[in-house]
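Would you mind keeping the following structure in view while I ask a few things?
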Amino acid sequence: MSEQEIAERIAKFPGADVEVLRKGQIAVKVPAEKGHDAAAYLKKMGFAHLVAVEYVDWIKENEFELVYNLFSYKMKMRAFLKVRIPRDKPEYITFMDLWPIAMTHEREAHEMMGIVFRKNPNLTPFILEDWKNLPPMRKDFDSRKYVKDKYDSIPFAEGGEQ
Amino acid sequence: MTIKREGSLFSPFRALKQLGKKPHTVQIPKVVKPPAERYRGFHTNDLEKCIGCGNCSRICPDNAIKMVPFPEYAKKEPGSMPLRPQIDYGRCCFCALCVEVCPTGSLQMVKTFTHVDDKKESFVFIPDSKVVHETPDFVLDTKDLRRK
Amino acid sequence: MKEVDLFFGPQHPGITGNFSVRVKIDGDTVVKAQAIPGFLHRGFEKLMEMRHWMQGPPLICRICVPDADHSETGYSMAVERLAGIEVPERGKYIRALTLEMSRLSAYLFYFAGYGGSIGLYTIAQWAIGDRDYLLDLYEELTGARVYHIFNFPGGPRWDTPEGFEDRVDKVMDYLEKRLKEYDKLYFNNMVFLKRSQDVAVMKKSYAEKMEVTGPNARATGWAIDVRKDDPYAAYPDLDFELITQDEGDSYARVMQRRLEFQQSIDLVRQITKKLRSMPRGNVRLIPNALHWKIPRGEAYAAVESSKGELGYYVVSDGGISPYRMQVRGPSISHGVQVYEEMIVGQRLADVAALMFSLDVCPPDIDR
Amino acid sequence: MVDDEKIVSEDMGVQVEKNENMEMRSFGTVKRWATKRSLWMVHYCTGCGGIELAPLMTSRYDMERFGMHPMVTPRQSDVLLITGYVNIKTLKRIIRTYEQMPDPKYVIAFGSCPINGGPYWDSYATINHLDKYIPIDLYIAGCMPRPQSIVRAFEDLMDMIQDGTADGYMRYKKYYEPYKANQEKIFRKWW
């Protein structure tokens, strides 16, 4: 099956905005409230594997984008299911019921981007420890400034000479 | 391509056969194993050839190269700047991107790689054409390998 | 009986890399486990937003330390897909050569680690020692031992030196000869058989459910491989069949790597044969490293690393550096959730051994 | 509980005094010679540099020729190798490990990252200067340092032990307050 045929089949889902990116990669944009249904639809269609959950901070549009990176081993095709959620209220529903491995990916997105996934029981600290600042992958978190303020301001223990 | 799936109690002792073989241990530091021709070690810079353009400093992903003023090279030829690169080996990741973008080819990487010191300041220096390194180990010779 | 909480790592010789597991044990049977990653977190994804496109490979090769070439190549491929550039034919073959050699060296590391964790220290000595010959080859080709910084967007950095293909073949002959000795000492060893057969069985359905990839998935009988499913570099032109096992236990996982080791040797021989018949020179397209802008868009590129699917999702906003880059490390699936579930019911002595048998690579979980 | 702590600290005081007395006698030279000949290092790979320790520990470069051997616990070890960048989460464990080691103890820092940040100079998760938090005896340049460089560092460390210039652990005691203050600036809570 070619990319165009698969894209047409996906486009049957109401509200889906489908775009063929390149050979073997299709982007599907859906409104946030239809994200879970669209994921179930795609899973039924053959995109049965969740490779990763990517998260992008579009700060100018004041939105977070969640990209569910799906792969079909039968069609040899990748589909990026994209939903956008408001930046002020970063909440979304978990996809754990469809793919159990989403738990780890969502845990990471929660820690790095501050997105809360409803019904995910395991949003505990994962990689960072004692982190009280903004979530580090957000665009308004300035790593260089943080390093300058936190680490470079510390004096050398042995009188600055060593 | 399948492996026989049977074990023997004597399997572990088969290694004893290796006792008769020549060891493949490289007996450093008694034996010197020179690095390959393309090895990316410390930098050298031909200060006469260098025009101080600062490309190396801009491409460096680690912000390791700082252009320091060298007044004696001022107004030497049109288009050159009285600046020469100073490299901080507390930042350098030896990727050789700076060598790749050098327009005159004055900045090079040589095969020496050893610098051990207890002073942090000794890791920042201005590379030039003669002195590869402050410690005398750039000659890959057994006699020089002991720092005395 | 009273249950005891036990911290495994991060300072523990049996742990791969720098990782910690908190296990609850009853007697010496594990009843609950919690993986604690993050000791190697460096924030690559943030750092890449502050680097130019060409400054990526020197940084990104550090994602998985024993398998550095796959990390560089995945990133380079994603950028190439975004920019719409094609690597020259010879460049593709050299790229495939570095990838297969990287797989060989990572598998040797794996044999050493698993052998060490079950007490066969001879294997650890042998495999790491043999891996060093591969590192010597790398040094000759790329100029560095561990972080090669060789596969850039646009192609590999340099062509092979004169006579390099012959030296590669020589090392492959040596490794093949050694593999027979490994068979006798290691893969037929009673200790190895007793410690790995029927331990921590992973079913095919479970692997599919938890999105396990790479050799771990193939050891359960699930024939997946990014090299076949989403071909890249020179792999469409190379002749190889997927190898699968059925059992899915620790033994199958180790044997899967052992069989793929042989396959990689064959692949390297195919590549060197092809490289000899090709005209030398044209390996890389060099864009302007300082001001290279990439058109808007997003791309995903995956490579089959020695641990599974290693993917890069790269977003560009038309600037000189990535807007967002995210890594899908292979161990994120089998290193955290799968490991936590599979270790339950195993003996305490298998906590480290299972980690090696699944080939968990902590730096690619933490990034 | 308080009394126990007192007793322990008094014991430690006695220990230190004894050591100093031993240094005073000429016996110190012999002791230092013996120390440098059997350095055991902590088997703890904190960063990417651990990958070059593997060839060094095994057959190709064979570290045991120098009397060095990886030891599984810090309490029996003499040398702590900081193999690469240090994450703040790891730094806490490194300090714990370092404080568990008995005197005399030595620290060798590998590669660019502990010196001045290396490729992660602007990363929010890694510290740039390790010597702000624990004393370091030797630095090795390189990314990664080759096994030859590491062997050179071990040789230099042995020379320094013989001379008595490898005094990191004494400096840690002397400047304990500033070191501790720096560590506390990084961590919100200890455990």
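The chains carry the letters A, B, C and D, assigned in the order they are written, with residues numbered from 1 in each.
Following the convention adopted for this analysis, a residue touches a chain if its C-beta (ideal position, glycine included) is under 8 Å from a C-beta of that chain, and two chains touch if they have at least 3 such contacts.
This is a predicted model, so every value here is computed, not measured.
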Which chain is most remote from chain C in terms of Cα centres?
D
Could you put a whole-Å number on the gap between the CA centroids of chain B and chain C?
27
The distance between the C-alpha centres of chain A and chain B, rounded to whole Å, is 40
I'd like to verify one number: the distance from the centre of chain B to the centre of chain D, where each centre is the average of its C-alpha atoms, in whole angstrom.
25
Gap in Å, rounded to a whole number, between the CA centres of chain D and chain C
31
Junction residues of chain C, two or more chains touched:
38, 41, 43, 46-47, 50, 58-59, 129, 147
Which residue numbers or ranges of chain B touch two or more of the other chains?
24, 35, 61-62, 93-94, 120
Show the residues in chain D shared as contacts by 2 or more other chains, in ascending order.
59-60, 89, 119, 121-125, 131, 143, 146
Is the way these chains touch best called a line, a ring, a star, complete, or other?
other
So in the complex, which bits of chain D are touching chain A?
88-89, 92, 121-125, 127-129, 131-133, 135, 171, 175, 178-179, 182, 185-189
Chain A to chain C touching residues, read off their complex
21-22, 24-25, 27, 48-52, 54-57, 67, 69, 71, 73, 76, 78, 80, 99-101, 103-105, 108, 112, 126-129, 136-137, 141, 143-144
Given the complex with chain C, which residues does chain B contribute to the contact?
1, 3-9, 11-12, 14-15, 24, 35-40, 55, 58-59, 61-62, 93-97, 100-101
Chain D touches which residues of chain A in the complex?
128-130, 132, 136, 141, 143-144, 146-147, 150-152, 154-158, 162
Within the complex, chain A is touched by chain C residues 37-38, 41, 43, 45-47, 50, 81, 208-211, 224, 229-230, 297-300, 302, 309, 311, 313, 315, 323-324, 326, 328, 332-333, 336-337, 365-366
